[in-house]
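Listed below are the structures to be examined.
Two complexes come next, and they have one chain in common, chain A, joined by chain B in the first and chain C in the second.
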Partner chain A sequence: MIETMPKCWNQKTKPHFFCPGCGHAIILKQLGFVIDDLKLEQEVKFFIDIGCSLLAWNFYNFDTVQTHHGRTTPTAVGYKMAKPKKVVIGYMGDGGGYAIGLQSVLHAAFRNDPVTIILVNNENYAMTGGQMAPTTMPNEITTTTPTGKEVKFGPGMHGPELIRNIASDKAYIARTSMSAPEAVKIAIKKAIKTQIENNAFSFLEILSICPTNWKTDAEGSFERLKMAESYYHIGEIPPQKSSQK
Partner chain B sequence: MIHETTIILFAGEGGQGVQTIAEVTAALAIGKGYNATYIPYFGVEQRGASSIAYVIISKGTIYYPRFDDADIIVVMRERALKDIKRFITPNTDVIFDSSTIEAKDIHKIATKTIGFPGSKYALTKFGAKSYNLLVLGVIGNYLGFDKTELWENVFEKLKSKFKSKEIEEKNKLALEFGAKIVLEKGEYSKAEFKADLGDKLYRNKEREGIIKPSLCKGCLICVEKCPVGALSKGSEVGFFGANIPDLNIEKCITCGICKRFCPDGAVAVEKR
Partner chain C sequence: MQKNVQKLYSGNEVIVLAAIEAGAEAMFGYPITPSSEILQGWIESASSNRNLQFLQTEDETSAGFATIGSILGGKKAFTATAGPGHVLMQDPLSMAENLRIPFVAIVMQRGGPSTGTVNYSQQEVNLAAFGGNGDGLRVVYSASSIDELYSLTIKTFNTAWRYKFPSILLGDGYLAKMKTKFSPSKSIRPIKSTEMLEGKKNPTYLRNCFSSEEEFGAELDKNIADWNRLRSQIAESEVYKINDASEIIIAHGLVAQASKEAVEIMRNNRRKIGLFKPITLNPIDSRTLNKVSSGKKKIYIVESSRNQLSHIIKYELDKFCGEIVEISKPAQGFTAKEIVNKIEKD
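This part shows the complex of A and B:
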């Protein structure tokens, strides 16, 4: 029998709840492959936010905790404090991580809490109908910026770069894009290994697609993603030379 | 016929035009001097599930656009049956697409049933995209709207969607055809246009592939990403009512990209 899914996907809950062509599901697939490769199914505890990430509440064969909007990081950190041997992964949208939950993410980075945060940046508040997010790029049309995002709302927010400023040098902080699933897998592996081997904080932003709210077909979704890739920088954000954290 | 108040539930698959059918039905009633409401049903549990719309038509005031019991239910796909169950009373007329839904399945949940082989006529005569207009014809006729008025009103509402004269003409024919379909009572068409959800297997000497219509949502990302054009948009529809891809196993180079991308775990090819 040919396998079409990672082994740790809960087959009984498929088809899942994400829209046709959703980037979240493609990213959750790479995460699944990584957990299969590293044989971590028994060790992982998965924490999800409010936003489309919540649609993953029954996605995998491992335990998943549904938190409040923006509060995924502290809940995951609390769990890690109680069970330091478990591999703790927080998963959220850009609204959850950079808007309502930014201070939670910043403080986890500042304290160098040994958890892995995966943030899916689809550049909008997808679950609530495609409103402008801090990550929405200039001039983009959303339901709350019908004539395009104006300068007064700021440029697209660069989260990993911001977090790097206060994070420990041991922390792994990077941005990848869903257009390159192999690179996503490599980055997720590195992030998880940072937690397990270095007992340090790791943060990975993954640029993603949202065909429903950006109203794109398969081709259009990836064209838009290319635009996002040229606006945001892809790669690891290394510690600054002068820092002594 | 529209009574003092007529409560209608529309249920089908995303992509079948359920919401358009419901909205235009309400607009037609308003054009006739009735009060009418239309509201789509949204909810987390609704994601990836069937598409549902509430319509109320009344001579009096409508206080709330949702309801628990329906006078009429129009159901267009088998998968929506579980969602309409709770709206059925012994007096509800269930109008179903008899070319995709088995009469025996409808009779498990409803007593007053009326069939119309909508998918059969849409697919064989006009193309899948004309399905909503054909169903509008059926419903418009059932509710007693005048045939010529029906097209005028529908055209007014949907003209921006008709991108060419040809499409407009096709839709007009589908609507008029729908209005003339003789509704089935007791004797129903065969449900021969039901989506086949069995796995599609492909095989040659070097490799074997699988496509799962029961999971595929028809996003066509695999088609977009296949580097050698071995995948293409097929003509069959899957569980979600969307066209599923077709695989040319001879062209395939077993690169694994389709499996890596498919958000729904619905495709894979492996070396034998």
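This part shows the complex of A and C:
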């Protein structure tokens, strides 16, 4: 029998509050399946950012903490130090992880803190009304780039590649896309296993859709996602050969 | 021949001893003068005590949030900072205030605004008591001597863990760095820390984001009701030569220390003056304040900030009919003689 809902979902909070067709909901479902598969419901502690991820505060049957915008990583790191046997997952948007909270993500990677960070890249600040994010691609129109994102605001930020530069070789760093839910599941599993088995940092960016702010129907959303998939590299970002970190 | 040398302790060193005595297990911090030696001293202690954890984080905001994470995991964790770091600390303090997390911050005040001086001031009273985007449900202690730094550090931990309000101990650069003889006072029994994420049958959801005014209002009302119910248990003050006085000085921290000496000098000049020293700046011991000020001719509020203490005191004073004189020297210290001169000139 094919499971349609993860066992660790909090049924009482379904249907959820994400917009219809939102990528967050699809990604959180895959995360739920991984927690089920690895039988981690009692072990996992879920830390979420402010952004649309905040809507997941009672999404699962496991302990969940809403932090402040950009502050998920240090909160997760402090918790992990106190409870090293727990499986600690931070979940955030691209604004939370690549703008206001980038410093903390980089330093967690730099120290090789054994936590798993899942960053949902929908290329905009969704919760606050579709403003430009560091990941907004060149020429894209957002509420703060009404004539298209100009070069002077930077291209689309390649977070995992940036993080790889300073992360330990033991860290798992990858980008995947929600257009392939099976691949998302495999990558999340690998990220969590890196934390458990290697006691190392893991970071997974997942390209996602936001039909509300990009004003796209189902077809349009996936067309945008395809564009993002060709702009950003999908797959694991391996340690550079010359490095020995 | 070598004499017996007694070790002298700085305020920052005493705070580390007190934190350990209070049962602290983890510290997160970012170096800033004049509080850096708390982090250094803690790390030194951790080198010979495996139960003590620490992390020098990337900034104060992260230090505060990592402290919160550690507390959620059941550790008695704390941070120490000053000035601009205290400004950044408002972000985690606001979260702790909303989620009733027993957060401890030791703040050694320095002159502001901006980077200011790294020495001394009493300008972080407002920030400690009312900073953040809430209503100031934080307990703030102010220490006026090295001995008090010790006893109040322990008290700050106990208050935070007993009442679940973030608790801040204010010192300043002089107290942090000055060295004196010190022997620890009898300690107060530490309060046990418990995990806030227990992974029981029913999951714990800690949220700080609400979608309706009513829902959030109900949450705030609960916290404010707790604050109002507990404030008289938390509030503390000390009075000195107050019984026959017709005038009182109100001062906290090191200025209270100088004011005590000033009272002595003026008493020798036959001036009937006494001292009210708030030990908690938030909440203020308003019962004692109103009792001792009732019927007095004059109150002198002396502080090293532009009337930050005065604003708090004036709000708490109930039916005081005498005159209030504000003596303020932002970010500068007072000697007892200076206080005497200012009062006698008045």
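The rule we apply is simple: the second predicted complex is superposed on the first by the 242 of 245 C-alpha atoms of A that agree within 3 Å, B and C clash if a C-alpha of one lies under 4 Å from a C-alpha of the other, contacts with A are read in each partner's own complex, and residues count from 1 in each chain.
One rule holds in what follows: a residue touches a chain if its C-beta (ideal position, glycine included) is under 8 Å from a C-beta of that chain, and two chains touch if they have at least 3 such contacts.
Just so it is clear, the model here is predicted, and its values are computed rather than measured.
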Partner chain(s) touched by A:K83 [first = chain B, second = chain C, both, neither]: second
Touched partner set for A:T75, first chain B, second chain C, both or neither: second
Touched partner set for A:A218, first chain B, second chain C, both or neither: first
Partner chain in contact with A:P138 - chain B first, chain C second, else both or neither: neither
Partner chain(s) touched by A:P239 [first = chain B, second = chain C, both, neither]: neither
Doubly contacted chain A residues - partners chain C and chain B: 54
Residues on chain A engaged by chain B in the complex (per definition of touch): 2-5, 9, 14-26, 29-30, 54-55, 181-182, 211, 217-219, 221-222
Interface residues, chain B side, partner chain A - complex: 44, 47-48, 208-210, 212, 214-215, 217-221, 223-224, 239-240, 242, 259-270
Touch list for chain A against partner chain C, complex: 10, 42-43, 45, 47, 50, 54, 57-58, 60-68, 71, 73-83, 86, 103-104, 106-107
List of chain C residues in touch with chain A within their complex: 26, 28, 53, 55, 57-59, 61-75, 77, 91-92, 94-95, 195, 197-199, 203-209
